[in-house]
Each structure stands twice: as C-alpha cells, then as structure tokens.
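For reference, the structure is listed below as structure tokens.
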Amino acid sequence: MTSAIEAFDVVKKFGSVQAVSNGRLTVGQGEIHALLGANGCGKSTLSKIIAGTHAATSGTVLIDGKPAAFANPREAEEAGIALFYQELSLIPQMTVEANVFLGREPKNAAGFVDREKMRADTEALIRLFGDAAGNGLVPDARVGDLPPSQRQIVEILKVYAKAPKIVIMDEATATLDGRQVAVFFDILRKMRDGDVSTVFISHRLDEVFAICDRITVMRNGETVAEVVTAETTQEEVVRLMIGDVRRAERRSAQAQSAAEPILAIDRIGGGRLSDVSLSLAPGEILGLGGLQGQGQSELLRGLFGIKEFREGQIRLEGQATRIRRPSQAVAKGLAYISGDRGTDAALPGRSIFENLAAAVLVSERRMIVRAGTLAPRLADVAALLKTKYARLSDAIGTLSGGNQQKVFIARWLATNPKVLLLDDPTKGIDLGAKADLFALIRELADKGIGILLYSSEDSELLDNCDRVAVFNGGSVVTELSGATLDTFHLTRAAFGDA
Amino acid sequence: MRLALPSERPTWLLALLTFLMLVAVNRLLQPGFFDVPVMQSNLTTFLPLVLVAIGQTYVVLGGDIDLSVGSIAALVNVVTVSTMAGMGGDALSIVFGVAAGMACAVACGLVNGLLIGYLRLQPMVTTFGTAIIFSAIALWILPQAGLQVPEPYWGTYIGTILGLPTVLVVLLLAVAFVLFLARRPFQGWLTAVGGNRTGAFQSGLGIERIRVAAFALSAAFAGIAALCLTGETATGDPLIGQSLGMGSISAVVLGGTLLSGGIGGAVGSIFGALLLGMIGNVIFFAGLPYEYQTLVQGLIVLAALAGGIVVARR
Amino acid sequence: DAETFKIGLSNGWVGSEWRTQMIEEAETAAKAWAEKGVDIEVVVQSANVDAQGQIGQIRNFINQGVDAIIVNPNSPTAFSPIFAQAKARGILVIATDAEVSSKDAIYVGIDQKGWAVQSAKWLAETLGGKGNVVTINGVAGHPANEMRVAGYREVFAEFPDIKVLNEANANWDQAQGQQAMQNLIATYPDIQGVWVQDGMAAGAWRAIMAAGKKDEIAATGEIRKDFLTVWNDEKLNSGASINPPGVMASALNVAVLKLQGKEFKDGIFGGVYGNAIYIPIPFVSNENLGERLDETEGKPGYWSVTATVSPKEAAAYFQ
Amino acid sequence: MANATANSTSSQSIAARLLDGLREPLALAIMAIVVMLAVGELLSPGFARGDQIMRLLTVAALLGIAAAGQNLVILAGGEGIDLSIGAMISFGAVIAGNVMNGNDAAIAQAIFAATSVTFLIGLVNGIGVTVVRIPPLVMTLGMMTVIQGGLVVFSQGIPSGNAAPSLMQFINQPALFGLPGILFAWAALTVVMIFVLRRTAFGFAIYAIGANPRAARLVGLPVGVIRTLVFALSGALGGLTGVLVIGYTGNSFISVGDQYMLPTIIAVVIGGTSLAGGTGGYIGTVAGAIALVLLQSLLITLHLESWGRQLIFGGTLLLLLTLYGRQRALRA
C-alpha cells in the first residue's frame, strides 16, 4: 500500500537561512502521525511545502505515491490536502461562515452565494464541538471578535469543511483547553476511521502520546528519527528532540504570605469580570486557572491598562493605583507578555534588536538609543532563553514562531519589572525553552518579583505556581494551594463544582 | 483578544443619512429641487463620479487603490470620440466608438492589475505612474480638445430611453450590477484579499487574478463614466476627468469603505459620491461669497468624514 | 424703475491671483451699473473643478434662473450641450479668456493667438530677425496654450534665421518655469531669446538673472506688479502682451447691453469658431513700462495691469 | 577593531554582498542618478556640468526638505500620507512673504511664523487622524482643500510680499565652496533626520508604530501622540519649504507649493520607504529627490512632444518601482 505522504530530501532556503536541510516524512493511509521538534526546527516550513504554500528549494514530495509539487494552496486542496496554519489563515473582518467556506462558497442556481446552506453547514460543523465551542461561536459572528481559542476552532472547522484526505494540524491545540482538545481528538479519530491521514504537530507530548500512531522527530531542519508511539516513551522522544531538559522545582506557598502584597486587587469588575479579589506577594507565582476565556486574560489586560476596569481597586506595593493605558503600567514597573505575538508583540520588518529593545527604551525613558551598550545586555537576556538567531540586525520575521516569542519575552525580562503578567506566554514555545523560561521565572520570583501566570495548559500551572486562583464566569471560584494544588482539584473547580 | 473593528451596522447608513440631510437643506434653499428637469440635471452632474466611485470601491475593498481612473476616463473619451469621428459619425461608428472605448478601459485596467497583482508593485505609486502614461497616450491621440460627437449619441444621453431619463437608466443599471456582485462569491473573495492577504492566499484564493479583476472592474467603470462624460460634453478632451481619481477615493471613504481594505461596499460609495456632489450644490444655493466656497467645501467634507466616523464608533 | 439682471460668473480654477482679480473686477463693473439705473445681481461660483465640474456650475446657474452666464471655461468644446440647454431657456452665455466652440455662446476676450503673435513679433524684431530661441509653455493640451503655441510658431516661421531650439512645458507654474529655464540655459549655452507665457516669465527671468545672462537674452515678460518692478529695476530687455484680468468685466458690460435688448452689429463676430468679439490687447514694452508701473501704485504685488472694455466702449459692438 | 572580522570575509561573500547591495533602494537610486547624468550629458553636452548639477541640487533640496516631513508621516504607518504638504508649502510661502516683505531683518520672524502656523495645521491633521480616526489620505486631502480655500480668503486685500534679499541669496547664490547655503541646510537636515530616526527614542517609536501600532502601544509608547506629532512636523517642514520656495521664486503666489504634493511621495517611495510604514529611511529619500529632479530636467532638455516626455516619465517611475518597490511575495 502506498503512503499518503512521502517526502524526502526536502531542502528549503529563505535567502541565506536554511529552514529545512533534510526533511523526511512518511505518513501512512489513515494514520495520525506526529511531527515533533524544538522551535525553529522546520516543522511549519515542511508542512507548508507539502501544502503548496511554500516552494521547496529541492526535494521530492509524493502524495498517494504520485509526485506532487503544488504551485499554490488551491492545487494542494484539489489534491485533498488541507493545512491548519499555526498562525491561522482567517479573515478577521469576515463572519465565521464566510471564513469556513472561503473560496468554496455554496452557490444557488443564479450563481449567488447560497447563504442559507452556508449557515446550516457551518452550524452543523460548530455542533461537532458541542458545548466546548463556548458562547458566541455562531455562524454570523465576526472572527475578529472571537477570542483566540474560538478562532482556532474556526480554523479547525475550515480544515474539516474541505473534506480532505490528508490534513496537517500545525499546533492546532495551542490555545485550546482540555475539554476542547478532547473534542478535537474525537474529530481526528472519526476522520481516521474515514481513512483520512493526519500530520499532528504539537509541543504537548501528552497529546501526542494520546492520539498519534507514529512520531517523526526533526532537529535543526533535519529529520532525525521515526518511531512508533507504542514502542517509545516521552523521555525518549524529548531526548531525540533536544537532549536533556531542566526541571523547574515548585516551592509550596509558605514564607511569602507574611510579606505585604506587591499587588492587591480588590473587587475588580467590568466586562466579563465581576468581583475579583486577589493578592500577590513578592516572590510568588500566582496562577490563573480554569477553562479558557473565563476572564483570566481580561484581568491581565486590565491590570496592564489595555482595557480599563469599570469598578474595583488596585494596590501596587500598598499604593492605590489607577492604570489607564500601558504606558502608565510600564512606568509603574509592570510587564505584560502575551501569547498572541502576531498582534500584540511583533514589530514586523524591524530588526531583532529593535524588537528586543522596545520595552527597555520606554521603561528606562531613554531619549538616545545607544546600540553599543544596549545590544550586549539584550543579547544576554535573549541567551537566557536560548533564543536562536544569527545576527541581532536580522529582521524579526526570519525567526521561527517560537524563537520570536522568546524575543518578546526577553524584551520584558530586560526591563526588570516588579510585577510580571503572563498571558499564556508559552504558546508555540518548545519544551526545552519552556523549561528554561519557567526556571527563569522562578529565579525572578526569588528576587522578589510578583508573577501572575495564565496558561491554557493546566500542567504549566500545576508545575510552576505557588497558588492557583480558579476562574469561572468572570469570578474567582476558589484558590488552590499546597495539597489541593493538583489536577483533580483544578479540573473540578474549573468545571464549577468546587 | 478582540480586534477593534467598526460596528456591524451597514457601513453606508451614515452616508445615506448625510446625503438625505443635504437633500433637505438643498430643497429649503432651492424650491425647485424636486422638479424632474432639475433632478435630471443634478444626476447628470453627479453620475460620472458615482460610476467611478463604484469601480474604485472594488479596488479599495481588495486593499489596493487606483489613482489612474481619471486618466483612464480621459483616454477612453478621446479613443471613443476619435473612433466615432474617424468612422464618419454614423450609427455603426457609435457602436464601434463605444466598443473601442470600453476595450481601451479594460486594457488599462489589465495593465494596472498585471503590474500590481502579478509584479506586486506598490499600488498607489504604480497607478500614479500609469495615470501619467494613459494621459500621455490621450494627448498623443488628441493633442487638444475638439472633435464632434454624433448628435444621436449625446442627444440620447441627455434625453430619455423608454420614457426614463438616460442618466437614471444608467444609474439603475449600475445599482443593479452592484447588488448582483454583492451576492456573488467574488465580493467575499475581494473582502478576504483586502482583509488578510496571506490568509486569503492560504485559503486557496487566486490573489493575483482577484486583484486584476478588481482593477479591470475599476477601469471598466471609469470607462462607462467616460462614455457618460462624452454624452455630456459631446466632444473629446484629453484633460477631462482629472478630478475623478481623488474624488472617487473621498466618495468611497465617505461611503464607509475602509481604505485599508476588507470592509465596505459599493452601495455606500454611491451615496458618498452623491453626497460630495450635493455639497457643491448646497454651497451654491446658500449664496456663499466666492472666496469662501473652496474653504467651506473642504470644511464640510472633513466634517462629514469626522461626523460619520465618530457616529459609527458609538 | 430700475432694470434688474441676475448674472452668473463661473470660474473653474482658483490657483492664481489673476483669477481672483478677474472676478473682483467683474463684481466692481457690475456695481458700477447701478449709477446707470441698472441693478445687477452677481452670483459667483469659483472652485478647482474640471470641465465636467464646471458644467455642474453652469447647471446650477440654469436651475437658479439667471439671465446671463459668463464663464472662464476649462474646455473649449465640452460646453456645447450645456450651452445649448442654457440658450433654450433664454439665457445669454458669454465665454471669456478662452474661446468656446459652441454656437450658442459668444466669446468676449482677447485673441489668445494674437496675444502670442504680438509678443513673438516683439521678440523676433528685438533679436533682429535671427537667433536661438527657446519657449516655455503652459499645460499641454490646454486650449489657450495650444492657440498661443500656434501663434508664436506662425511668427517664428516667418523668420528663417530664428531657430527654435526647444519647447518646454512648465504648466503655468512660476517655480517650474524657473526650473525649466535653468535646464534650458544649461543645455543650450547659446540662447538669445526666450518666449515664455504669463507668470512663468517671472521664474524664467529669475533663472536668466541667476545665470548672469540678463544682458545677453531677450525674453517675454508678464504683467504683475512684482515683475514690472524687477523689470524696471534690473533694466531687463522684455516685452509683454497683456491678457487683462478685466476680460470678465468687459464680458459683463457686453452682457448687460445685450440683456437690455440691444442687437450686435453685423459682421462683428470672428475668431476660430466665428462667435468671438476680440478686445484690444495692450502691450508693455521697455518704452511704456514707466507709465504701466505708475498704474500699479498702491496695488499689491500680485496685482496685474489690466484693462476693461467700458460700457461706452462696449456699445460700439452694438447697432 | 572590526578589521579582523571584515578581512576574514571570503571573496565570494563580498560578491554576494555587492549583489545584495545593488538591490538596496539607495544603491539603485544612486545608480539611476549616475545613469541619468550620463544620458543627459550624452544628449546635450553641459547637462552634467558642475554649476548645472548645483542648480539641480538646489531644486532637489526644496523637494527633499518637503519630503522629509512626508517621510516621517509615511514611516509612522497607519496608511500615513500627507497630501496637504503642497498646500502647506503655499501657505508657508504666503505667510513668509507677508511677514518679511523684502526685509532682511524679518527673515527669522518669517520662518517662525510660517513654520508655527503650518505646524498647528499639521497638528489638526494629526488630531483628525488619531483622535477622530479619519484615514490620513482623505484627512489631508480635505485639509489641502481647506488650506487652498483659506489662502483665497487670506490673500484678499493683503499684499503677498516678497522674499528678503539675503534669503534669495541663501538659495540662489554660492556661499561656501561655490555651493549655495540651502545645500548646507539640506545636509544639516539630513544629518538631523538620520540621527533622529536611527539614534533617538522618537525615531525608534516612529518605526515601531509604523511596524505594529498595537504592539507599540503595549510596550508603553504613546502611539497617538507620536503619530499626531509626525503630522505636525510634516506641516512645519512644509512651511519651512514654503519659506525657501519664496526665496527661490522671489515672490509668493497661492499655488506655489501645489507641484510638490505628489513628488514628495514619489521621492520617498523610490527612496525605498514602504508606503505601509515601518521600513525605510531618509537617505533613500534624499537620493529619491535628486533622482526625481534629475529625471524631470532631463526630460525638459529632451526635444520631445509633451506626451513623449510624459510617457518616459511614467515609464521610468514604473521601472524604478519594478526594481525595488515590489511587495512581499505571499508564497516563498
């Protein structure tokens, strides 16, 4: 039997950057096949070559045994290939239904778009996700109005609506919560039963081991191994990907409680939030848990002045404070790291140096930019996260998604903030870097910084936080610490029966 | 994260309301405003800009801009009139003249589209450059204004067809086309191309072709506008239509289409163009001293833009 | 009791002081009719518009029911249908400053070709019938420009020893005229004469002076006070046909007489389209420069020397 | 210090870098300049003479100074563009003419009056764009009409004055090394522009805002203030150009600046600044301004019908755009 995808000797250069040097991938019919590797190893690039979005510099791709070099995504689509784009391919201004059927709109006899059919079909697709889709995900909602997780679901539906024979899911679960992932896996399994072949890219090994049949591992643009999931272990795969990983040790909440809180939030309300009170001690890492979109991000964004709270009070180091815009937050020693790097962080077209220096220049109120003194300092911070780049003067766009995110984290670490607001900061970051990041965060906490961490991955909260405040419907339903800080309690609290 | 997007009300509602307000003011200042000949003559004045603005909308919706529409109109006018005159001015020459003009318009649009869609040149400067070239060709064909248009042609244009004023018929056909296109997938594709070009490409849309089509549409509408101008002026003039470029862009924006692309539609542009025309009328009938006319015109346009945008954000 | 007429003035370009002066003089001429017992209400539309926009201006006049329309037209031919409609409503239409082809309108103004002929002749004669000449023109394709070009070409053709080296366009913009002249001086070191239109002449002369060639080159001039002053102070070798901003006032005076029911003399019309009454074209030369400068006493620098066909002079056009 | 690393570069990579360098807008603009000078000299000997080049540079300086403002506005992104710059120049010229009225002692006042008024008008542009959120293209287009209308009202009855003799000398007469003062002023402005854009937080903020305004806001930059300021500066630089233009022409008239509107944009774009904002710089614009003026004068010296000149002008623009004004390919 021929393989669904067979790619070998694939090379891809972007100018002088060698993104893929020896890509190899073999996916059997009806198989769910994981493609793993550290940030920037070439997973997305290889995927885009297969799906016709990029042209390979050299190499061979066979689809169902036949040579395939698609000139554009449309040709690939006609051959039954659909790609879930890591950075999403949605049009924010357009409705969910228009996005899902873009380019393949159902038409009526007159040649007009058949809106009724489009709506009904979209509704049917959304129903696949059931309750996990969340409120507000309706066919005529505008995609730009949806939170990231729902946009990600729309991108999944868009892939699914093409009724493809081969799908590539490039970090499709990155912002989904546990329940949504579960539904998504049901869909993948159903597709596998229909003999659809799947390439599954993720940095979450649990997910990979839960659903994938085989695993291909890439490292530095090269395919280094192919293993059968049932015959390997997570440790083995991690070793194949990156070698050894540091483990961050968690400290239980104890000494901090005595100190005066560095940040105290009293009955914050407005938007989705109501009556949220929290206090953060210096040196503490406080997690914000619960299902996706329960107001955790809104709280962090409000604290940073992106959107003002309607009611309640904030105290910073004991001082009552109002923060109306980010510049005030920066001046008061706050830092906000968003997982939505494309919209919130990247300065496209500018150099890595400028992207790194952005926050420092503002927080230190510099008038003159002295690259000579600033560059080494920033490079050191970036090195703490093992950011992979050639020259600081290269454009930010030449870095992989994960490495870009490291730059945007380093940008804020360089400001020596008092309070660090982390809004799902590890989205798209590989395991090694994630471990480095959390180790670093712990070190910062030990220096007396207060840290608020929201993550869409429960394990990140459980492994790294001293306490976790669990959100539901815009309020804190419970706080977990010490003995209650475990998967069981967290899941139970998140679903509202704490 | 929610992106800041304009409200979901039809983007043209404001242009319509402002237009109606100006109509009311004009009616107060000019009692005969609703007389059929007055309405017909006003429509004759507004029609070319309305048509060009419709075409411009599609380009803008796709995230581009077309500064060459005025020069295309001049070239089409010159080509049409020269063809008619060269063939002797009989009925057949009219048909050929119109055909030659429209073919020329579409060819101009294709040139723009190929340069911008396929060669990926920057649209604003490119269409500025092609505008210079189109003007040069017009000047080469007809070095100075002149030549007569056959009477049946302009007579029909300022007259009636089937009992309806011809200008009204043209407007109604244009509106019908706008409504037709709004229901075709093409307009959604354009919106996608303007809203997120990478996403649209990754979704399998043929970006190049869609952009070319938009420029061809824009040029075709500029061509139709030129045919109207030809009927209105009954002559060839290589310098005609120069204000159509910037005017159409103002109309498109007044009509609620986002200049960066991805939001809006041609219905709004129609009202935007009518609104711009009405401003001139109201200023005239208000009896403003001439020194103040340009100033007040500019102020009203800015006020309409500002007002529209402020209200849209409520 | 007093006669009352409503006259619409249409101007399609506001980019020069000459046009402002043109309208002001027309308004002044209208007021002067009050002494003769004629009340004239002037309605002005003046804005940057193209030919089609100006047709819109004229439509507004028609819809308002004026008695006469005086227009400084942006196109020689594009107004025929609208003028026909105006005439059908019994409205008198007069074009000024640029001739129109419409048989339903008359033209009262200077002969643009004659304007050019006069200054080209001056230049040719000043050069003694031989020498290298360059010209700097307005907007290519613009009717007034084309007529003027035809005028000087006709003159220079009569002088076999006058060689036209190059003809540039500087779009009636003074600074562009200055740049064009700079380039021409650099390219052709041996220029004796320059024929240049309107305000561009001031720019051209500035370039000539900057190149230190004001004594070697004879060039046409213009009629604004600022330039006349320089001409006088620097003793330039210049001559300028006057296109007086008073043309619109002249047209207005003719219009009123016509509205009063007078009939034109037979054979008075001439011009390119057979519908023109040409008014005299005064000339500023090195000889009469002093008098002309005296006329500008107390006027702003941008004020152009002018002339108007008075009601009495206009009466000569009528039976 | 850097020698060690520079020397170690292999000859192959030097060739590669050279080739890379040629694709740089600046290199291309300079190449275009050289080619045009050569063609001009070939067609009409004397075109590339020193004093002629100097006069062309004077004209280019006027365009280049106005284009500096346009450059800032375009760099700051958000579809930034200033179509009112021509009208600003006219207004600046009229104000300056009235204030100095041929009087050397009043030059400083004239500069101050012209730049501060146009600064304020630019501020209104900026507020319209940032606070009311009118797209810059239509905001400044509307402002252009308002200024033109304002000039018609303003110039009424007020004599529009003359340039002071020293100002005219500064622009038209050689001052140092046979070069007129304005060229030194332009050079100084170039140094300031480059310093501001590359070495100051303000320049950094302009680029950041142009690249991604949301991200710029999230690092604490005052996006609205900076964008407003950029429009105001463009106005002031327009006003300053107006003062210089009246020095060039001797007297002001109300449409004196109109001819600069589109050339400023073209100079910026062929100088390699992206109309999308966030990338580019002023050196390219300087080269772009020189190339543009050179092209225009080359065309004047060609003995051609007007349409032929226009054809070549449009064609050259498109050619320059094709060489480096291309947008990013969607498929890599």
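Labels A, B, C and D are assigned to the chains in the order they are written; within every chain, residues are numbered from 1.
In this section, a contact is a pair of C-beta atoms (placed from the backbone, for glycine too) under 8 Å apart; a residue touches a chain by one contact, two chains touch by 3 or more.
Bear in mind that the values here come from a model prediction, so they are computed numbers and not experimental data.
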item	value
Smallest count of steps, each to a touching chain, taking subunit A to subunit C	2
Farthest-lying chain, centroid of Cα atoms versus that of subunit C	A
Subunit B-subunit D separation of Cα centroids, rounded to whole Å	31
Approximate Å spacing (C-alpha centroids) for the pair subunit C, subunit D	34
Cα-centroid distance, subunit A relative to subunit B, in whole angstrom	45
Contacts with two or more other chains, residues of subunit B listed in rising order	139, 143, 198, 201, 291, 293-294, 297
Where subunit D touches two or more other chains, by residue	145, 148-149, 152, 156, 274, 305-307, 309, 331
Multi-chain contact sites of subunit A, meaning residues that touch two or more partners	53, 72, 338, 343-344
Touching chain combinations (by label order)	A-B, A-D, B-C, B-D, C-D
Contact set on subunit A toward subunit B in their complex	53, 72-74, 77, 83, 85, 88-94, 98, 102-105, 107, 110-113, 142, 144-148, 158, 297, 338, 340, 343-344
Subunit D residues within the subunit A interface of the complex	198-204, 207-208, 211-212, 214-222, 274, 278-279, 331-332
Subunit D residues within the subunit C interface of the complex	44, 46-47, 49, 51-52, 55-56, 59, 145, 148-149, 152, 155-162, 172-173, 245, 248-251, 253-256, 258-259, 296-297, 300-301, 303, 305-307, 309
Subunit A residues touching subunit D - in the complex, by the definition given at the top	14, 53-55, 72, 304, 306, 325-327, 329-331, 336, 338, 343-350, 354, 357-359, 361-363, 366-369, 411
Parts of subunit B lying in touch with subunit A, wherever the complex brings them together	1-3, 5, 8, 183-185, 188-189, 191-192, 195-196, 198-206, 262-263
